[in-house]
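Below is a structure I'd like to ask you about.
A, B, C and D label the chains in the order they appear, each numbered from 1.
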Amino acid sequence: MKQVTMLDAADARLLIEFAIGAADMLSVPQNIAVVDASGALLAFHRMDGAKPYTGDFAIAKARTAAGLHAPTERLGEIALPGQRGFGLNTLRSGDVAILGGGVPVTVSGAVAGAIGISSGTVHQDADVANRAVQQFEIQAASAQTIG
Amino acid sequence: MKQVTMLDAADARLLIEFAIGAADMLSVPQNIAVVDASGALLAFHRMDGAKPYTGDFAIAKARTAAGLHAPTERLGEIALPGQRGFGLNTLRSGDVAILGGGVPVTVSGAVAGAIGISSGTVHQDADVANRAVQQFEIQAASAQTIG
Amino acid sequence: MKQVTMLDAADARLLIEFAIGAADMLSVPQNIAVVDASGALLAFHRMDGAKPYTGDFAIAKARTAAGLHAPTERLGEIALPGQRGFGLNTLRSGDVAILGGGVPVTVSGAVAGAIGISSGTVHQDADVANRAVQQFEIQAASAQTIG
Amino acid sequence: MKQVTMLDAADARLLIEFAIGAADMLSVPQNIAVVDASGALLAFHRMDGAKPYTGDFAIAKARTAAGLHAPTERLGEIALPGQRGFGLNTLRSGDVAILGGGVPVTVSGAVAGAIGISSGTVHQDADVANRAVQQFEIQAASAQTIG
């Protein structure tokens, strides 16, 4: 038997709150998805003005980051023609996202879930995802120290 | 051109809050999905203890209720063998939900979106969905009267 | 080699015009799809007020009627539990429509295409589809007699 | 609540008419799809001689242009290997079109829908789509001024 550490509903709310804060700083409304370590959707929030069509992108980014234990931004490099990960993104019916905006959430050294952001430019999406996860991991670390 | 009224992010948050309240009353953790009038996902919240596997059921229920302007519970009756809607649920790759738990949200006589609930019994899912939508529609109506 | 008789763009326009007329008589806005003998989409028209979500149903109905050379209404009977067509509707990823509203268009004894109607009740959908095809076949027959 | 402006049936007919005109000028029969702001199909017309197989391409192009608020031609540049959007086109089961021929329709500054063209060369498809949308937007603007 093993124990898997997973984000819960409170964690997901916090991540979404942090992502909204980061998106507001850039003045870019975003789709925000949070998945647990198994890739199952925990929470989703579409900010007013975000493109509805790209909601699925946010989920795919979060799922990929959680599943591959890597930011989706880095996968885009590995999947370039001629690189060893070429073709990665067409697997799982094309649902493997290799655009920036998916970032795993690591707790005590293990991936406990991930966030996925979409609707801005890929650069903005990655920026919002990174900021939200950083803020979350700092808070989680300090909570562990205090608690 | 035509104008379509759709739920926004604040509406979605309210619906999720009402659904959490109704689920807590039944002591049944639930997956809660809110979609806009076009069926696009607006918000999702998985309560701690809800079954991750059924998250997609909540989204499918919400989408179906918004798309067909009917509670999914009623569709189950229409789709019985021998009824005129028999076979409805296999369309769209089987993503048409005909189990209780999807309820449209009507604003000023038009469907503006829907909620979908999953993880409890079908009866509990439908109960939570109905309560959340009733509470939302009462509040929306009173807001219009005051505003 | 063989020749396959197929509806063309002018036929499709005529079928859509006839379907709009029949839908207007019932005061029910409809999604109208016309496919050729191979099931490929020739024309689609969503009347104002018709449910966008069910657009795919109209296409599936038309495709099924053209492909199986039968009104979809009749398929619902064959696919009942215990009947020999039980399970028919889950084939092709569930895209085989067995609800009323799909009707083949027969020209000189051969299926040249089909129409599919959705958004009303199943009864209304079937009614509109039947009327449009009848009107079309009468016109086609008289054009052949005169021409 | 929010209001979303969407193309209606009359707008779709006009766009198809303009696209037929542009296709006739190039002597290239085309598949023409029009979707609303949510990506739902509003109208489809296959001109005689257009390739039936590519009908779905026209729908995917229109849906992508409406969903991403950008001409699909531009997406092809963003999705080049080494660019930030690399991998975009495999998302949503590969239904994100990044070939020319999908163009959003903007009304009063907001995307109200899109057109998608297929069957010619990609250059011809994009040309027809651009001409149809330009003609439509000019007419819509002058109608607003007069009305």
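The working rule: a contact is a pair of C-beta atoms (placed from the backbone, for glycine too) under 8 Å apart; a residue touches a chain by one contact, two chains touch by 3 or more.
Note that the structure is a prediction, hence the values are computed from the model and not measured.
Number of steps on the shortest path from chain A to chain C, with steps defined by chain touch: 2. The greater number of contacting C-beta pairs, out of the two interfaces A-D and B-D, is seen for A-D.
We define each chain's centre as the mean of its Cα atoms; on that basis chain A and chain B are separated by 26 Å. Centre-to-centre spacing of chain B and chain D amounts to 31 Å, using the average Cα coordinate of each chain. The set of chain C residues touching two or more other chains comprises 48, 52-53. Interchain contacts give a graph that is no line, ring or star and is not complete, per the touch definition above. Working note: touching chain pairs come out as A-B, A-D, B-C, B-D, C-D. For chain C in complex with chain B, the touching residues are 48, 51-54, 56-57, 60, 75-76, 79-81, 89-90, 93-100, 121-123. Residues 8-10, 12, 36, 38, 40-48, 52-53, 55 of chain C are the ones touching chain D in the complex. Residue ranges on chain D touching chain B, taken from their complex, read 1-8, 11, 37-40, 107, 112, 140.
In the complex of the two chains, the chain D residues touching chain A come out as 2, 38-39, 63-64, 66-69, 78, 81-82, 84-88, 90-94.
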